[in-house]
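Each of the next two complexes has subunit A plus one more chain, namely subunit B in the first and subunit C in the second.
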Partner chain A sequence: MNRKTAATLLIHIIAWAIALIWIVPFLGVFMAAIRPMVEIIRGWWHVDPFTPTWRNFIGAWNHATAPLAEGMLNSFRVAIPATIVPILVAAIAAYGFSRFRFPLKNYLFITIVILMTIPQQMVVIPIFRIMKDIGLLDTHFGLILVHTAWGIPWILFFMRNFFTTLPIAVEEAARIDGASDFTIFFQIVLPMSIPALISAVVLQFMWVWNDFFLALILIFSPDKLLATQRIPLLRGLFHVDWGVLAGGTILVMLVPIIIFVLLQRYYIKGMIGWTSK
Partner chain B sequence: MKQKLSRSLFLIPALALLSIFVVYPVVNTLYLSFLSPEGKFVFLSNYADLLTRREIINPRGFARGFAFGALPHNLLWTLIHLPLTVFFGLLLAVILRHVKGGVIIKSVIFLGMVTPMIIGGVLLRFIFDGRAGIVPVVLSIFNVAPRTLTAHPDTALIALILGSVWIWAGFSMVLYSAGLETIPKELYEAAQIDGATPRHIFFKITIPMLKPITTVVVTMTLLWNLRIFDIVYAATMGGPGGATNVLALQMFFYAFRRLEFNSAAVVATILMLLAMVAATPMIRSAWRESR
Partner chain C sequence: MAEVLLKGVTKKFGNFVAVDKLDLTINDGEFTVLVGPSGCGKTTTLRMIAGLEEITSGDIYIGDRLVNDIPPKDRDIAMVFQNYALYPHMDVYNNMAFGLKLRKTPKQEINRRVKEAAELLGITEKLKSKPRQLSGGQRQRVALGRAIVREPKVFLFDEPLSNLDAKLRVAMRAELQELHQKLKTTSIYVTHDQVEAMTLGQRVAVMNKAVLHQYDPPQQLYDYPIDQFVAGFIGSPAMNFFNARLTSESGILYVENRGFKLALPDRNQRIEYDSEDVVLGIRPEDLHGPVDSDDNDVIAVRVKVVEPLGDEIQIYADCSGQELVASLNPRQQIRVGDTIKLRVAMDYMHLFDPHSGRTIR
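Up next, the complex of A and B:
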């Protein structure tokens, strides 16, 4: 019994020590964000003096060259449509893959699985050229299109796996009553799929919000830059302005963190369902 | 006939978008990688040329220290990051089941996964900073002179790799936690009745039962290691002196700084091939399951 108590104690110490190590960088950036530069330049862990201030957040929000207010607005403008459109398009296709028979179905499906593994570097040069040719380079619409296409494979895979778990009897009954495929999909299947759709929304929104690479390639006008693109610009010219940078990172981080806290269950279900089924 | 038409409407929008913005670009990049800058078809000679470049593989680096080149850096990244990710993920998943407040600790650890990677890079630059960062201060307890670890070639890459474990460990932890829930309790009870030691139970039941999860964790972590870009971009830009350069970043430099599109296409293709090798188990199981 005594040995068991000691083991339990040890496990608790290890667990909380790891938790402490994991939280320290976030704690540091938080401390740097809420205090003036002079107090943190020798280390944020010196807490005397400790003068809380909003100045870093305001400095990042209204930054002279890369205001985050504009960046976050742009990020919402891109992330909201780039979440809804691919989910709609991919869910419809996923239903086709789970219910219909058509030639080459398995080959098409496996191609889509393979597309999930492709690195973005493999597509950005031609995409840059396509966007230039059709006049969508440096527009949010162009970026939304690319995010839409890029999100389709995993959402399709995820939703197909979900649809195959739904009982088919209801759909067959509706079909006998004369309902069309579209009616069945939109009025019966989609309402039953709301939990899976929420998971897809959470993951896709965070993916687009957190994306940096595609935005870096496709958007370059200063007023159109997304939030993530402005983070490196907050650094300051001659020395790293940790205060403003920390304030900015917290503002940009806050959006995915709030979503995660509110919808954690769906996020984790989505992540597990998408990778392992 | 009418049904066929309406049913194909389910697939057409998705397949059209994929064809234009994913499949065509992939084929096009592959083709570009076979062309000389003048547009002549030279097949693999770009690859031969690239693999001798110092920024890709730097043989002198192996004797003199960093930089080794982007390709060895990615390999080193994987060699260090993958085992640590699997280890920490499994360890945390197992012990946090028995710890008071384990759910809170899990959420804290998972924060790294939710954070944009570009911010992950900023955070790493911050914790390794010689003046404002905490890691050099902790190291100074062990008589290491404080300096910005990401600004020196001998420590920069290792610092970023270890930092990326901090960012990514939440992923494997969450997957392993979910996997542990699926192991039937009766298995453990039966083993206990048979007098198995906890160690025995762990290695003979838990680990084998988690094998499918391990496959997923390893695959996704390998893919993530190949894609490393934002972290390095924000923390070091591949510096100092190329010591933290990685393939994805080098591709970006080739394509959008030096406008060497063919070299960039070669790097991208190498990345894709490595990704496909890494994802083979996942692709194979999806194939088996879809038939």
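Up next, the complex of A and C:
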């Protein structure tokens, strides 16, 4: 065995090991979700007997105290606008940053980039107070607003980098053809940016969907709770129903996974937005 | 159709002067080529005419209208870009129709113009294709089509052929000429390729370092270059230059250096020039031979490289320490290392002032 094959083998072993470490918890949750409680009580890795069932999913979906059906609906109601609005706003701003000259442009841009580094925990109390003062506490609209504000800086950074990679001659051709700035943006630049927009959609949607922290602070009425907030409530009061908990987890996880699988082709193409130029 | 007039047009980027007090008139229906090496300001000039670049000072007129502050869309121009700049998400039809739609042209009219242009350019079958499905030549045709359907007053071309392979470039060059003969639209064409400039331009503007050197029909540029830069830039292989002195002997003017002593032709016997240092310019095809003669129009050279091209041979030779290229009759034997004598067609030689570079007449 020469050195090259040995190196390849080693790389494969390491890669497989990392992959296994990653996959095991998911496998555990999955195994717990599709089997009755009695089969998993001594550990999900005991596979005899093995009786697949939907019961846990149905149990989580129609849960008495925290039905996931309602939670998923709430999550969609927050995640969809909290994805579309910041992307639209940030894309327009990013185009301005990439194509136009205006005073303090670079300082403004740096400020926005710095905003990306602020941890949520640091600003959550002011956010809570602002939301309370303007009467948006415990409303989905308030949460959408906070997610939108939170998403704009990174999407702006991402889209601006993408726009700088687009050939400017196409926009000049459109300008000569008679297009206004808005026509150029909406009819030429945005269609050319679909891969980057999809990347942004995937990331922002996942971020909002998976968020637990902001929802926990801002939403507390039982009927308004989002899907992620309901998972811990599936535990039950006197005993932990691991099956239902696992089933609920999988249902909630499924949404971002489906979105990623559907859009990953564009998602990877759009990664050019993370380059800097 | 319209005349394009540039008056003292200057463009500065910070302290860098890209175009310096340019005066240029492009007549109605004329095909003018701006040519020069990279960074000479030709593209900037075109972009200023298009309105994509602001003018630092000076005036640009299209037709009788001062267009300095008029946005590109209202200048009634169409531009063809080097990398085609097609709209990647639209099919060929919509690429061509986009400008007309924005101008609220009636649908039937759009349809008619696009069909006509597609026919003219031979891309009718591609109207439903996306740009990425087309070859380079087809994309360039679409870009041309997009300009044609607008029926503008002026066409602007920014090195439109430089992304095509050599063979296609020659074919497209002929097509462009044919197109201009049909449409007779005022055209301004930027290129760094002097062959393109000579073949396409009714008049050619030679620029270097932000300054216009000469603006004349191609043959005029070739035969009567205004200075050493134009003489060296136009023609391939380039003109040979020799540092030399003017001397007078028994009433006849000679141009001589260590390697040769050549009698000036009659037309140059009474030149107005008050220094004796000159630069002698001889085009490669104005050298003939080898000859067996010691006349006062013959120079001796030592052959370093021989390049047979079929219709001619080019020799690279040394003439008393200065490099020289000659295009000679191919039906003869010339070997590397030979010392041969070449007759100079002195009627076609050029003299330049070594300091200013101006042609001495």
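Points worth noting:
In this text, the second predicted complex is superposed on the first by the 242 of 277 C-alpha atoms of A that agree within 3 Å, B and C clash if a C-alpha of one lies under 4 Å from a C-alpha of the other, contacts with A are read in each partner's own complex, and residues count from 1 in each chain.
One rule holds for everything that comes next: contacts are C-beta pairs under 8 Å (C-beta built on N, C-alpha and C of every residue); 3 or more make two chains touch, one makes a residue touch a chain.
Keep in mind that what you see is a predicted model, and the values were worked out from it rather than measured.
Of the two partner chains, subunit C is the only one that A:P191 touches; subunit B does not reach it. Looking at the shared chain after the overlay, A:W22 reaches subunit B, while subunit C stays out of its contact range. In the superposed model, A:I80 makes contact with neither subunit B nor subunit C.
In the superposed model, A:L233 lies in contact with neither subunit B nor subunit C. Set against each other, subunit B and subunit C touch different numbers of residues in subunit A, with B touching more.
By the document's definition of touching, of the two partners only subunit C reaches A:I176; subunit B does not. Look at A:I41: by the touch rule set out above, it reaches subunit B but stays clear of subunit C. Touching of subunit A by both subunit B and subunit C, each in its own complex, is seen for no residue at all. Listing the residues of subunit B that touch subunit A in their complex gives 3, 6-8, 10-11, 13-15, 17-18, 20-26, 28-29, 32, 88, 92, 95-96, 98-102, 104-105, 107-112, 114-119, 122-127, 129, 131-134, 137, 166, 169, 171, 174-175, 178, 212-213, 216, 220, 223, 226-227, 229-230, 233-234, 247-248, 251-252, 255-256, 261, 264-265, 267-269, 271-272, 275-276, 278-279, 282-283, 286-287, 289-291.
Taken together, the subunit A residues at the contact with subunit B in this complex read 8, 11-12, 14-16, 18-19, 21-26, 28-29, 32, 40-45, 89-90, 92-93, 95-97, 100, 102, 106, 108-127, 130, 145-146, 148-150, 152-153, 156-157, 180-182, 185, 206, 209-213, 216-217, 228, 231-232, 240, 242, 245-246, 249, 252-253, 256-257, 260-261, 264, 267-268, 271-272, 275-277.
Per the touch definition, subunit A reaches subunit C in the complex via residues 167, 169-170, 172-179, 183, 188, 191-192, 194. Chain contact summary for the complex, subunit C toward subunit A: residues 50-52, 71-73, 77-79, 81-83, 85-89, 98-99, 102-103, 146, 150.
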